[in-house]
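Chain IDs A, B, C and D follow the sequence of writing; residue 1 opens each chain.
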Amino acid sequence: AKRDATQFVVGFSQMESDNPWRLAETKSLKDEAAKRGIQLVVTDAQGQTAKQVADVEDLIARHVNVILLAPREFEGLAPALAAAKAANIPVILVDRAAAGTAGTDYVTLLASNFVEQGRRAGEWLAAQTNGKADIVELSGTPGASVAADRGQGFRDEIARHPDMKIVATQTGDFSRAKAQGVMQNLAQSLGRKITAVYAHNDEMALGAVQALVAAGFKPGVDVRVVSVDGERAALEAIDRGELGATVESNPRFGPLAFDTIEKMRKGEKLPPKILITDRFFEKSNAKQFIGEAY
Amino acid sequence: MSDAPLLRMEGISKAFGGAMALDRVDLSLQRGEVHALVGENGAGKSTLMKILTGAYHRDAGVVQLEGSEVDFDTPADAQGAGVCAVHQEIHLLSHRTVAENIYIGREPTRYGFIDWGRMNAQAAELLRGLGLDIDPEATVESLNTARQQMVAIARGVSLGARVLVLDEPTSSLSPREVSILYELVARLKANGTAIVYISHRFDELYAICDRVTVLRDGKLVATRAMAGLERLDLVCLMLGKSREALRDGVTGFGDHRDAGEAVADRPAVLRTEHVASGAKLHDVSFEVRPGEIVGLAGLLGSGRTETARAIFGADVRNGGTVFVHGESVNPRTPDDAIRMGVGFVSEDRKAEGIIPELSIRENLTLAALPTLTKFGVVSRVKQREIVERYMTRLGIKASSADQRIRELSGGNQQKVLLARWLCTDPKLLILDEPTRGIDIGAKGEIQRLVNELAKLGMGVLMISSEIEELTEGSTRVVVLRDGCSVAELTGAEISPQAIIRAMASDSPAASAVNATSPVS
Amino acid sequence: MAQSLGLDPSVPPARPARQWKPRAGISAYAALGALLVLVIGNALFTPNFATSSNLWNVLLQVSTVVLTAVGMTLVIATGGIDLSVGSVMAVAGAVAAVLLPRGVMVAVLAALVVATLMGIVNGSLIAGMRVQPIVVTLATLIAGRGLAQVISHEGELVTISDPAFDVLGRGHLGPVPVQVLIALVAVGIAIFLLRATPFGRYVLASGGNAPAARLAGVPVRRTVITVYAMSAFLAGVAGLVVASRLGASDAAKIGLNMELDAIAAVVVGGTALSGGRATIAGSVVGALIMQVIATSFNMLLVPYAWSLALKALIILVAVYLQRPRRV
Amino acid sequence: MTTGMLPALRGHFTSSRAVSLLQRGGAVVALVIACIAGSMRYYAFATPENLLNVLRQNSMLGLVALGMTFVILTGGIDLSVGALLAVSGVIAAMLSKHGSLLALAGGIGAATALGVVNGLLITRARIQPFIVTLAMMIAARGAALAVTSEQSIPASPQASALTWLGRGQLGPVPVPVVLFFLAYAVAWVTLRYTRFGRYVYAVGDSEEAARLMGLPADRLVLATYALSGALAGLAGVVLAGRLGAGQPVAGTGWELDAIAAVVVGGTLLTGGQGGAGATIIGVLLLGVIFNLFNLEGTISPWWQWVLRGTFLMGVVIIQGRLQRRARSH
């Protein structure tokens, strides 16, 4: 087969596809590409850095014109970036950073600010509980950098409130099922002591809410649950009053990414980091956004 | 021959779980001696030899080799000291070649790498020297049991052992191969090798052994010189009975030939017409009437087992028809045959008979389960009743019906397998080598039992490599040669000579058979 | 009938049986002992462990593992292994979630039928094509996980909100959660099948020595296929329970690594991977051991990484205590 | 009676070489088809760049699968390889500031030692390999997460040899690819021409028979698990060098990928049959399939899973057929 040199092809290396957030991100990119008549080639690294490096290499071998890279984590993608550079294919990082410098190793970073998300969750919780809470933290998959960042931001924030304590941190693997089981067990051991739950994503928060209800808690009354993501099921739960609030982690990188590509093609100068805006959903505004949530 | 023994085992004891398999047993071997080790199934013969070769560890006792005490931890240690064994169950590497099996552990190497060319050449030479026509580069799994047995023996011989244990080496050998083995034994003996020879076949013992040690229930009974020891006395020693207690006749059949006339007019329970199966079975036709024991004779590889399996539906038939009670039988699965009242006891107890982890009770009732089931539930009461009945009737020795069958001796396992079919109330029983590897006591019991069943009107098809069994047991003998039924002997025609002639005529092995047949 | 065969009375009577010691020893009770030690230890040292609500909590959580472990025990008894249970759970959950708009009965039935079909595919390839169980079910594990996501509208997380379906995972009968009841019924039926029916013996015989079983008239193929179908059916039930409990199809996560939990439960419970033996009660005990460990680690706030090491150690010790003795 | 010719012929047709050639046949045929289809459909497939990519990407899994091959040949299984790879990479990264030598020795040494623990538990404590290595997989993963506090550890740039292992080139060929072929060549010779290799087959064929023939079965089994650990460790340091970091979550699921590669190649899980040549085909076949998925670029990840599973099943079924046909000749 011969290559069609006139076709502009964008490669997107997604790091995994096993949760709604990632799916929404991929979908947003695909939709935008379709809208603009650009061919988008997607690879899925299945959560493994090694496979992601391989995926980028394959995209390079396929001679795509631009690579959008949603890094599995900060460390470990240097060979992929180096290979793209050697092949003269510009790389735009999407949603997370990777080791390297903007302008030399990659073009720019379209970032979610995970630390900030954690911080905002902490801020809301502090306001709701008047700075006094015993918190269960349900953390993401061990070893995932998002989990580390969201944990970090949250801790930084509550450190400013002496009466807010994290009484338990257990992993819920970003999974509703796992978080549900863990929350059940913690509800047994800590009982009424728990006054707040911070989950690193909505899925875990939803699992936790179910466990709390089953254990006789009244979420929203005697225990506040806050999480990050802003997926539809979470907004619905907020509307029902079960979930307190969720910090949006906007997965819709499509328009931003392709705008950035356009600018790059026109030769415009790009800043090293472009932040995507994250909204904040709570009881007051959740309902109106349910329709557009993913 | 010097008087100091080459090997001396003294006071050897070994218990498995709570059971004493060996209780203070002594054994001594001279250079150049062929020493028979006999006893009933489960007497402890194999166990004693496994202790000698380091495969098992003894609980008590001493082993001395040339006067100095030895303690073999592994078979490798024993091999290093020149003590080797060809075990009862053939232990070969089935996916590897014959040459590798012979030389594994001491492959010829060049610069540290295995020299395949030399190994194959050496193996070829060794096999030729032993008079064996086996391709050293063939995988062991492609050889039949007899050839595998010969490969195992060739390996033992090539190890250049000072003490060589042959544990039932002839149980699946043809007469020709038995004669090769005899020559070998003679040659080794001349070189001063001491050989322990375990066998249930008395003719062999008398043909090649110098002395005999008898074990019973794990205890030493006696060690005697073979010369001058009467057969009946040897049997008495093995069974622990007086001469008078033993009945005459070599087998337990008495003489079943007479039954022939009585059943001649009954309709056949089994009729086969031009049955063909696999690559080896071409054209087999015969019938079995109720009350008959039909012997199926033939040389090793003549297709007797294939015939049995084809009738039963265990192998897919590719030609011919089998009728049971006039109804034709599905050539693909055993289900039809079983439903029509056919039972089949395979020649390979371990691989195709017992379910080792299950109890005697479950093994015994496995084939009869549909009849013991009511509303989908197996009736424990009926099950227990049947098992108890057959265990006492057949004299199955076990601590209880719940004992795992793998813990039983070969003879008792065989009785359980017979009982498995008896309790389905079969019209036809196919027995493939029903007494192979079974001691003389149990053998007699099983033969008597088969006789009894026939008298009660069951049709029996019996495959056997023992001529006496065929001559004394059968009302008729069907002879197979190269996958075809070639002769049928009735009543007075049945004699060892006649059978052998029919089996072997115009085959190159014929002369060898005549030369070495234990009955000639 | 056989008794009409008045066997020769002159056959010498049985010799007195040799004495065999009962072979049970500690191994048969090792798993139960380990469970007791864990429970007592936790009751003493873990706050709020020994409460009735926590008892229900443990039983609630263990029930899906028990469901899959029961099927796994049967599969392992035939000498096989079923790595696909987790993916089958996900498929069942996805099918149910997608079909719920058409009614609970339709959804549940369809999910269980699809799950069972996957088991039949496994069994047929294993028994019919004679492909090794671990390979076949590894392939189903891989393909099944993808299938589950394809079914749930291309990877979406389909939300479930149907009061009737919710009963499966969240309902109670008196104090007893419905899913615990379902698991109990499955355990009861499996024990009954193994102990009382020909099928149970066929399972053990097929695993103990397949050629011999075939010659004794055991329908080996059918038995093996049935066993994989049962394993998949039970996994399907477990998948429905989890989906109901979660209120979503979560095709990527439901049943993830369940095969390892189930195998661990079976092995810790004393069923050897070599086939021919099975103890359902043991597998239940094994599942409980693993669950008590997981629960108490959460309650004691043991860090994840350490909990892994301890879990591994407990598996090894439990299996070591019941290892077969050698001569 | 059989005539002299027959057994000779029979031996010829069923000799292990003919069988294994046919066994491998399934995978080789599939590989050839995949490559032809790939070069016809994708302009980028048959370029040296892409082919080297495939080799480099699969070299680490290839090393792991090679260790797995030895273990499976003895009739065992090693589920811990992915976790051992992570342990090795993490340790190498942590030690990298003290120089490459220490990093390499530490990483590979730790994985080997854990492999030895596997082997000891299997041969001494007599616990089934599946359970031992399952437990090791859980425990080693836990250890890797514990020592790193669940974070990736960047490798120090001072460890130049470590980086070279992962990213260097020898002429046009990447170093991991060189290592990969070297390891398979050595393994092939070892399996065919050394006693150790033959004993590995012997133990897998029948451990009991091997023991009675005087082979040190336990030591051999122990050695294969140590070797599997060592190769997983080697893959771990290569990966750490390539990524420039030691990740506690590296190699998740690789045990199943390695088993799949071994099986697809034609090595039987029952032990005693197969070899390094078979595994290299299996690794490349699965690697090419992934590569084709990526070049296509529009197959959704879940359809990729479905295709992979179906493909694995298909190859194995075909192989089973070929093999049985080879036998029945």
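In this text, a contact is a pair of C-beta atoms (placed from the backbone, for glycine too) under 8 Å apart; a residue touches a chain by one contact, two chains touch by 3 or more.
What you are looking at is a predicted structure, and each value in this text was computed from that prediction instead of being measured.
Ranking A-C and A-D by contacting C-beta pairs places A-D first. Chain centres here are Cα means. That of chain A falls 34 Å from that of chain D. Computed from the mean C-alpha positions, the centre of chain A lies at a distance of 71 Å from the centre of chain B. Centre-to-centre spacing of chain C and chain D amounts to 30 Å, using the average Cα coordinate of each chain. Looking at chain D, residues 145, 150, 300-302, 304 sit in touch with two or more other chains. Multi-chain contact residues of chain C (touching two or more other chains) are listed as 155, 304-305. With touch defined as above, residues shared between interfaces to two or more other chains in chain A number as follows: 17, 142.
Pairs of chains meeting the touch criterion: A-C, A-D, B-C, B-D, C-D. Against chain B, the residues of chain C that register as touching in their complex are 1-8, 11-15, 17-21, 23, 196-198, 201-202, 204-205, 208-209, 211-219, 276-277, 327.
Across the interface of their complex, chain B is touched by residues 1-2, 4, 7-8, 10-12, 14-16, 19, 189, 192-195, 198-199, 201-202, 205-206, 208-216, 272-273 of chain D. By the touch criterion given at the top, residues 1-3, 11, 14, 17, 41-44, 46-50, 53-55, 57-63, 73-79, 82, 99, 141-145, 147-148 of chain A touch chain D in their complex. Interface of chain B with chain D (complex): residues 53, 55, 74-76, 78-80, 85, 87, 91-97, 100, 104-105, 107, 109, 112-114, 116, 133-135, 137-139, 141-143, 147, 155, 299, 301, 482, 507-509.
Of all residues in chain D, only 39-44, 47, 49-50, 53, 56-57, 60, 145, 148, 150-154, 166-167, 239, 242-245, 247-253, 290-291, 293-295, 297-298, 300-302, 304 touch chain A in the complex they form.
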